[in-house]
Every structure is written in structure tokens, then in C-alpha cells.
Amino acid sequence: MSKIHITTQVNGDAVEFLCEPDETLLDVLRDRLNLTGAKEGCGTGDCGACSVTLNGRLVASCLVLGAEVAGSEIETVEGVGTADALHPVQQHLLDHAALQCGICTPGIIVAAKALLLQNPNPSEEEVRYWLAGNLCRCTGYDKIIRAVLSAAAEMRGENA
Amino acid sequence: MARVVIFGSLRAFTNGEGEMEIDAQTTRELLRKLATLHPALAETIEAGVSLAIDGEVFKEAWFTPISAESEVVVMPLMVGG
Amino acid sequence: MRYVVAKDSREAVALLNTGENARLLAGGTDVLVQMKLGNKAPSLLVDIKAIIGFSDISAENGGFRIGAAVSGAEMGEHAGLKAMWPGVVEAVELIGSTQVQGRATMVGNLCNGSPAADAVPAMLAAGAVARIEGPSGTRDMQVADLLEGPGKTKLGKAELISSVYLPARPERSGDAYLRFIPRTEMDIAVASAGVNLVLDENGCVLEATVALGAVAPTAVMVPNAGAALVGSPLEEQALEACAAACEAACNPIDDKRGTVEFRTKIAGVMATRAAKIAYTRAGGQL
Amino acid sequence: MKQDFKILGTRPIRPDGLDKVTGKAMFGSDKSVTGMLHARILRSPHAHAEIVSIDTSKAEALAGVKAVITGDDFADVENRWARYTMQNCMAQGRALYDGHAVAAVAAISKTVAAEALKLIEVEYKILPHVTDVDEAMAPGAPVLHEGVKARKLGDDVSGNTVGYYSFGHGDIEAGFANAELVIDRTFKTAAVHQGYIEPHGCLADLGGDGRGELWCSTQGHYMVREVCSEILGIDSSQLRVTASEIGGGFGGKTTVFIEPVALKLSQKAGKPVKLVMSREEVFRASGPTMSASMDIKIGMTKAGKITGAHAKLRYQGGAFPYQMVMMGAMSAFAAYDLEHVQAEGWDVMTNRPKMISYRAPGAPMAVYAVESVMDELCQKLELDPIDTRLMNAAREGTKSSYGPTFKAIGLVEALEAAKAHPHYSAPLAPNTGRGVSCGFWFNFGGQVSVSMAINADGTVNLIEGNPDIGGSRASISMMAAEALGIEYDRIRTIVGDTASVGFSDVTDGSRVTFAVGIATINAANAAIKEMCKRAAKIWEIDAEAVEWVDGAAQPSGHNAGNFPPMSLAEIAATSGKTGGPIAGHHEGAPDKAGVSFGVHMVDVEVDPETGFTSIKRYTAFQDVGKAIHPAYVEGQIQGGAVQGIGWALNEEYIYGEDGLLQNPGFLDYRIPVASDLPMIDAVIIEVPNPGHPYGVRGCGETAIVPPLAAVSNGVAQAIGVRMFELPMSPPKILKAL
């Protein structure tokens, strides 16, 4: 089996890697690029822990092949914010204690950021439906939803 | 003499006796005496038991002091999630 | 396994025709899951996303042609398409999570041949036409004529669907799709219904097409259910007759997702509720 | 007991928070080392089969395969519980359930490992199987293991019945004779999985010299060390286990499933081995909790006084002996002050994965059944459900149904708060019902070790031995800060590996904040004592004449001397000159964890045409003793409530006639998603636990106990029909209508 050579962009940096034809983007990120922020909770697109954006579009990286991403722009949780410049979604998740074990958190952050880019003023119901594919078993979602809503408010310049 | 209460299904090993008085200073001493008194209970005690002393549950503690007025309930070893 | 990006549909067809165990890759939200679970092990994956036109939604003769690689999210963002065929768009948008929406395609949903595929009853009700490319050229076929059985379509050897056409529609028309699932999201339809209505000037139903999903080996058209609605302003009696026709058309299985009894009952409920939405969208007053 | 807190009750950001929102935190499958191999496990496709032969030669011959193992590679283990654990990790002789491991491979890549699995040839002889609890308990059922039937049981139950327990007091027949209404009902609940989002994952490296390193996702790395060293026949000192960040456990990671396999493969291949379960494997071969079949009989006077109560609980716990029904029998009637009560339970084996704890293990189903009958009694007698529970509620001095007499408890306070809450008096919409239920959990103490170092710059390092499953490093840092009298962010708490701090029991029984908290306070006090001694030396006064106030040493009175207070930072700065590093540590096994009661209230709406239930409003009241970090306490309550909602409505292990699991994935094992739920209002009640210096009670488990009955009672009111089986999935509700 011959490997495929791919050049692409991850979190703003040009990267290249060799992958097997059946290797998923999630495997590539984790095993080849050492970006372990995206998690594999199911491998079948049911849990959302592996969420990344691909050319600005929210996807489950377990349902994308590494071979498919040549020339793309990929963003993972590692690219969302830095320790001294957290994205509001990250900061509000921390402030609201909206994570317990934290395994779903990277996926929630990537998904919530994507939501707020296209809908800066979502209702509670819109946040809940957008995040329906991001399973969380610890929190019962309450604090996550509150954190996303208050991050949105801050980004709109309210309650800053 | 502490009052010792044996919970329901363990009474099968004490000839139906549900309560007894045992003179003991610590839980370890109490369990030893209990096993001597009712040899059929020895296996369960060896496998591990929890004790409730005056309402507080103690898990596998040998040297917890027991007073003469204490009520000690002998229970199976408890586990959690 | 090999992975090949097809440049045009002719190359894709040729690759399907090599005799290898080849599968097409568009959104990949089904084939990659099947591979992960060990249900499918293709020796060749043919990526069709780079083929010109396959990722387009284009206006055509008053209707819309939707390419085989167009994702659900892209359909949902297309204002013109959504205004004309809201039921079809909402059906596609019900497939999987937001993440899956970013990849899953309507054509892929059709090609899987799942009796529970959300897009299919809505496409049936809409009278959608599939464009097929194959070794002997291009042909068009009603989506309704493509369905064969669980996991099967009537596509021939080395044939692929390059696009689906949703026709132009008259005034006072509307469609809707509803499905029942045990949760609010993330489940496979237990029973579903697509309804497409055209009303007359008085608000009575002029034409009605009703299709059901997950209650038979394929999604099915239920002509009697549509007929029950024609001529009515969707009063209770017509809806009851529609529901009864739906129940009569059901031939479901008992499985982990629902019983025969439950699926049958729910199919009628979904159809009447979808009919009411379609009616309102067509301008009718309930 | 201390009352005036500076730090407790505030809501600081957790110490591991930044790593968790930036993707840096390392979980079980996130660690890799150069030269490591990837492992995969081959699993039985049968519910019950004799393994006639396994031929691994073709797999071993595949290029890139470095080791293949089967049950034959494991030597016998003397301790029978460790042997069951080992045989659950790798079958020996018989495959006991669909998904039971039968062989494993380590290879240079995941692809090669997967390829190798296909080359292993296993010859099975299929045996009769049983997956239902009542069928498995009946005489004549296929028996999973001979010779393990509970002592003193008769021929009326099969050899699968591995445990029998009975709790209670009084004379239940006399109790029922005094009743004006007796209701006797049978209930069933499905097996449910803990459903943590992180599959089990580990990285094992066991060298030829018998020294090993193991990185894994677990609720207790000391437990992993003890069990693995026993199974592999090595000294526990030689196996260093490091707990990764843990992506959820809820009891499901209080045992081992893959770690002994990875260690054995590593030993055989002479290389590090990474082994991660797929989600399908998680469902087929880890967890779940028990399914149950239960008879509940309760008698009541017209005024609402319970006169007698009897429970018979039959739990199904999978393919190996286990002891869990007793927790159900002990919990069933714990909320009530009863003169005549008996709760009996039977543990039963079946051809299903071996059960492991799930949050308050054994209690939710028993309490569901009891609280359903309570609700029906209230309904039939036209009594207020909260007033009736208040009339019968256990309180300080109540002799509990499981034996002990309760100390200070907060059930009455929780019920009163529920009654006074606006939720209880809010109007109800059509097709909507309001359900109420009590719940209870024991909470544990257990073994614990904490080591604390005071650094020269006035900061503090704290090492503890319990994996942080939901924010415990924050609460431990807060208690340390409170005890030392310094700021929260001057403390760094880490979870040490098994070589860096003493033994600690698993993170279970809602014990961590309680037990590690006590050890932390004691460690702080030890350090404080030393710091007072150093100050005394510097001041040249008696050590007994120095006291610790607000983070500083000061003379205890005018007679002791006239010196300004010397802060922790000042004492630490000179520690090198006053006698060397300052530290405090504590090892112990605190008890008196303090039981916790909760009351949940829910409004549900049922669609009469589809049987679909939606949760419209939810309020949970719980006595937590003292909430150290209230936001994480609320999170525990909210999370427990939602897990209970899933159990009540849609979650279940579905087995076919063939004994195979039909829904091993998140698609058809339906845990609640964000759009299924409203906000969950968590109301914290604080009745201090006299057994903890700050009044802490465990809080993690109680919250999953009440929701099952609360939802079911709400459904009963909404549709006018009572359901006796969980989950109340739409087909079942529609059928009942």
C-alpha cells in the first residue's frame, strides 16, 4: 500500500504529511501532526469530539480522509486561541465551569466558534440544536449552553 | 458491651440471631469475636465488611474505637461508582 | 485500498468499471462509517468532489439542479432553493449533526438505498429526477423509479448519479418533510413523510403527493394518501383518510428502532402533520 | 466546625482549565512514544461459546506483527476476584458474552494490527446462552460458572444466583396489616452504559527486567497497579502507573479492561504498546451497569403514613460473579423512617459483559421502583407527594432501613426547599405532568495520601493520588488555600503517579472532595505546625506560643512576645536557613463520609400521538453538606440529572434472541443530546456533615438516583397511565395510551 503525500494548511501553518489512503483526517491530525486536541469518541460521526473546520465548514474529522484535504484550510482547537489570547468561547467555558472531564470540550469549542461566526446572536434553542452532535456526558449541557450564549453576548459587545 | 446488629441475609450464618452483645474495644476485636462466636460468618468477614458504628459507616477499619454504648451494624463491603 | 480523485464523470465511470470493489466518495459520511465498522472494505475509493459542476446548485428551467457533491449545509444556505423546495431542504438538513451536514450530500443519501434515508421521501414527493452517468452515456430517471430495496438502487454497473433536478413549481405550492425519532436529533428516522401540495385559488388541494420513509423496504409513494387530500381544504376528515391510507401502505419491520405497530401509526401522524405544514407554505389557511 | 470561609464557596477557574480549552490536556489515547506498537483485540461474535482452538500462526506470520496473545498467555491467578478480572480482559476456554476478548495483536501500525485480527482462526462450539435476569435466575438456566452460587440459597434459583442480601427491621406482614392501601407492583429497567465520551486507552511498556510503565485513563491508577501486577505476576513497586486526564468514568473506569492485555503484549514484543478501544468495543466489552427486575410492595394509611414496605430486587450483572444488588437493597427505602421494612436482593449472572459501577451503583433502579409506588399511593389516596414524603422522611435519629441510625441529614430540608420552590406551584400545560422523587447515596471515605511542599517563594505544590474526574484539583486547591490561609492561585495541585505519592483508593463513592479534602487539611496543618516552629525559632520563643492566623504565624498572646505576624511566604523564604524544606503530608482512611439526599422535580410533556416525551422544566435539590466550588457542585447535580433522564427515556442495551448486542454505538444507544433538554436548575442545600472539618458530603452520585422515578411519575400524570418499565421509549408509551 503506497502512502499519499498531502500539502495543506493547519491552523494557519503550511504542513505536509504522508498518509494511508484509508486514514482519516482525525488520525492524521493526531498521529502524524501530533495535534491531539481533536478526540476520537466514536469514529462514526456520532459524538462530535473530533470537530474541526475544513475550509471554514464545521466537520467531523473522523468522517474526512486525510487524502481529501490537499490544499485546504483546517482549524483545530489548537488554532482557536492561545493561553494569553483565548477565544471568548474558551474563556466563557472556563468562567462558567462548563467542563468537567473536558474530553468533549475541544469539539464544543470548535463547533461553538463556527456557530457564532455565522450567527452572532443565536437563541438558546439554536445553540442546543447546533451542538446536538457534540455529546457531553458530564455536564447535562446547562453550563455549556450558558457559556456559549454569554460568549456570543460578549462578542456582540454586550455585557463585556 | 457494644450492641451488634447483623443485617438480614447474614443472619443465615448466625442461626437467625439478629442482635448480640460483644465486649470489644476496637472493630478488629469485635470482628474476631464475632467470627469465633459464629464460624459461618468468618468467610464473609474475611472477604471484607463495612461497619456502621453509631450511624457512621466505616469501611475496612480495624482500630476504630468502640464504646460500651455503641451500636455496631455489620454490613457487606460497600462500593461506589 | 486506493484513493483516486476523478477529474470528470467519464473518468469516474471508467474507474467504477475496472472490476475493482470501487465505491464513490462524495460527503463520505456513510461510506467512511461503514468502513470503520468493518461492513464495507472497498479496494478503490473514487472521490467525485473535484468534478466540475458536481458541487454546484444551478437554476435550470425554473427549477434547481443539485450536484452530487453538494453538502446539506450548502443546500440550507441557498435562499432560492430553500424558498422553492423547503421540504426537500429541511429533509436533507435533518441528516446527522451540524458536522455531518458540512459533508453529507442528498445524492449520497439517495444512493445508500436506505429505507430510512431522510432526503428520499421528500424527493419522491417533489417529483425529483436523477441524472445518471454511465458507460453508455447520460440518462434521466425519476427518483421514484430508482429505488430497489434496502441498500439497493436500480443503478446499473458503473453508473453514478451526477445530479438531482428539482422541477419548477406552480404558484400556491408547498412541501414539507417530517420524521419521527426518539430524541430531538442524531437518530435515524423511525417513520417519516414527505408531502408536496399545490392549492387552487380557494385554498383547496389541487395536487398532492405523499411519500413515506422507514416503513417499507424502500421509501414509498402513497397515491391514496395524496388522493385523500385532493379537493379538500385539509379538513379533519381528509387528514384522517390520508393517515389511514398511509397506515395501509406500511410494510415495516420490527427492530431496535421501532415496532411494526409503532411505525405504522407514526407514519400516518407524520404525513398529516407534514401536510399541514406544506398546506400553510402553499398559502393555505388552516 | 469552621463556618467563616474566605475561599470555600467561591468559583475560581480550575487549574487544569486552560489545558482543557486549548487542546493541550493529555487523555488516555493522546500519548505516544517512539517505537511504540499499536494493538487490537479480537472479540467473540457469540453470546456463549467454548473456544475449541485458536490458530494465531497466520497472524504471527504477517509482516509487521510483533506479538499475538490469547488467554493461554496468562498464568492462573490465585485471588478469585483478580482472576475474574483477568478472564474478563481475555477469555480462557469459554467466551462468555458477545464482545468477550479472545486474542490480541500488537503490530507496527493500526492497519497491520487490524489485518492481523482477520488472520486469527478461532473454532467455537456454541453453547446455550441467557441474557434476561429472570430467565437466568430460573432453575434450568444455562449456568455461567459452577460452584459460585450464593451460600444458603435453595433449588428454587439457578446457579447463576451469586448473591443474596436482605436488610430491614420490624415485621412487614404486621406493617401491611395496618395499611389502608397496599400497592404491589413489578418493575423492569434496562442495562445502561456509563457512556463516557473517552474510550478506554492506554500505553504500556513492560520490559524484560520486569519493570513497567503504564499510562492509562482510569478512576484509580493504584487499583490498576494492584490488579495488573497481580495478573502479570510482577511486584507492584516495579509497575509505575500514571493516570492520564480522564474523559469521563462515572464508575466505568473503576476496573481494568485493556491494561493487562497491553502490558502482556508489550512484554512479549519487547516494545511499548498503545491500545485504545473503539466505541463499539466500549459498548460490547466495558461497563455497563445492571438491568433489573423488581417487586415493590408498600402499605400506607389514608393519611399518608407508610406502615410497611417490602422490596425484592433481581439484578443482572453479566458474565462473572459480582456483588452489587446489596447497594440497591440498602438504598431502596433509605429516604424513609419505617417501622416495618425489608429489602431483599439477588445478584444474577448472564451472558452479557460484566457489570461495573455506574454512579450510585444499584440505587437508581431500586429507588425508581419504590418512588413510583410512593407516587401511585399518593395519587390513589389524593395526597400531596411532597407532604407525604415529608411525613415519612428520614431525619437525624431515624433508624435507617439498612441498619445504621442517621446523623445530621438534609432530606427534610431538600423536601421543604422543593415544596417552597416556584416550580412546584407553577401551572401545568396540557399533556404535561409533574413528577417528584427522592434519592439517596451513601458516599465513602477510604484510603488517601496527600503530600504538600511549601516552596521558598511562598507557593505550594500538592500531590494527591486520585484522578481528577470533574474538577477535584480545583476543590482540593481551594481547601488547601483555606487551611493555609493563602490565595488559591498560589497552590498547584497535581495528580501524582503511583511512584510519587502513597496509595489512594479509586475515585468512586463520591469520595474525593471528602477524603482528599480531609487529607489536604491535615497535610496543611502539619505544614502549619512546622512553620509555626520555624517562626518560634526565629523569634526565639516557645513553639507552643505561636499560632497560625490568616496565613501567617503570630505570637499567641502578649506574653508570648511582641512580633509582627510572619507570613507563609516570609517563613518559606528563609526555610533553607531555618532547617530545610517545609512540607506536610497525610495518609489515612477517613470514614464518616456523610450520606446525601436529593429531591428532583420535573415537568414532562408527552405527545399523545407519538408517545414522545420532552423535558420541559427540571429542578434538582440536593444536600451537599458544604459546596466547596458551587459551580462544580451544580455541574455534578445537572450531569447526574441528565444521565438519569437518559436512563428513564431512551438508553438501553438491546439484545436479540441470538444474545448479541444490537446497538453498540452512540447512534442507537441514545444518550441525551443538547437539544433534548432544558436548563437544569440545581439548588444546593447545605446541612454540614459532622464528619468533615468543613462539613463536606460527597455530591457526585446522589443526583442520578431521583430522575428515573421523577420522569416516570411525570409521565404517569401527563398520560394518566403508569409505566412499569424503563426506558419509557416512545413505542412503549404509545402502546400504553
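Order of writing sets the chain letters: A, B, C and D. Residues in each chain are counted from 1.
Keep this in mind: a contact is a pair of C-beta atoms (placed from the backbone, for glycine too) under 8 Å apart; a residue touches a chain by one contact, two chains touch by 3 or more.
If you're wondering where the values come from, they're calculated on a predicted model, not measured in any experiment.
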Review point. Among the chains in this structure, which pair is joined by the largest number of C-beta pairs in contact?
Key: A-D
**Study point:** Averaged-CA centre spacing for the pair chain B and chain A, given as whole angstrom
**Key:** 54
Revision key, fill the gap. dist(centroid_CA(chain B), centroid_CA(chain D)) in Å evaluates to 26
Study note, to complete from the structure: Between chain C and chain D, the Cα-mean centres are separated in Å by 44
Check your understanding: So what's the Cα centroid distance for chain B and chain C, whole Å?
Key -> 67
Review point. Chain D: which residues touch two or more other chains?
Key: 250, 278, 665-667, 672-673, 675
Review point. If you look at chain C, which of its residues touch at least two other chains?
Key: 36-37, 184-186
Revision key, fill the gap. Pairs of chains in contact here are A-C, A-D, B-D, C-D
Revision key, fill the gap. Within their complex, chain A touches chain D through residues 1, 20, 22, 27, 30-31, 34-44, 46-47, 49, 76-78, 80-83, 86, 90, 93-106, 109, 124-125, 127-129, 131-146
Revision key, fill the gap. Note: in the complex, chain D contacts chain A through residues 11, 13-14, 16-18, 20-27, 29-30, 32, 110-111, 194-199, 245-250, 276, 278-279, 469-471, 629, 631-632, 634-636, 638-643, 665-667, 671-675, 677, 679-680, 682
Point to revise | chain C residues within the chain D interface of the complex | key: 36-37, 180, 182-188, 190, 255-259, 261-262, 265-266, 269
Exercise for review: Over in the complex, which chain C residues touch chain A? Could you list them?
Suggested key: 1-3, 25, 27-29, 32-33, 35-37, 45, 47, 49, 71, 73, 96-100, 102-103, 184-186
Check your understanding: Any idea which chain A residues touch chain C in the complex?
Key -> 1, 4, 21-22, 24, 43-46, 48, 51, 54, 57-60, 62-65, 67-68, 111, 114-115, 129-134
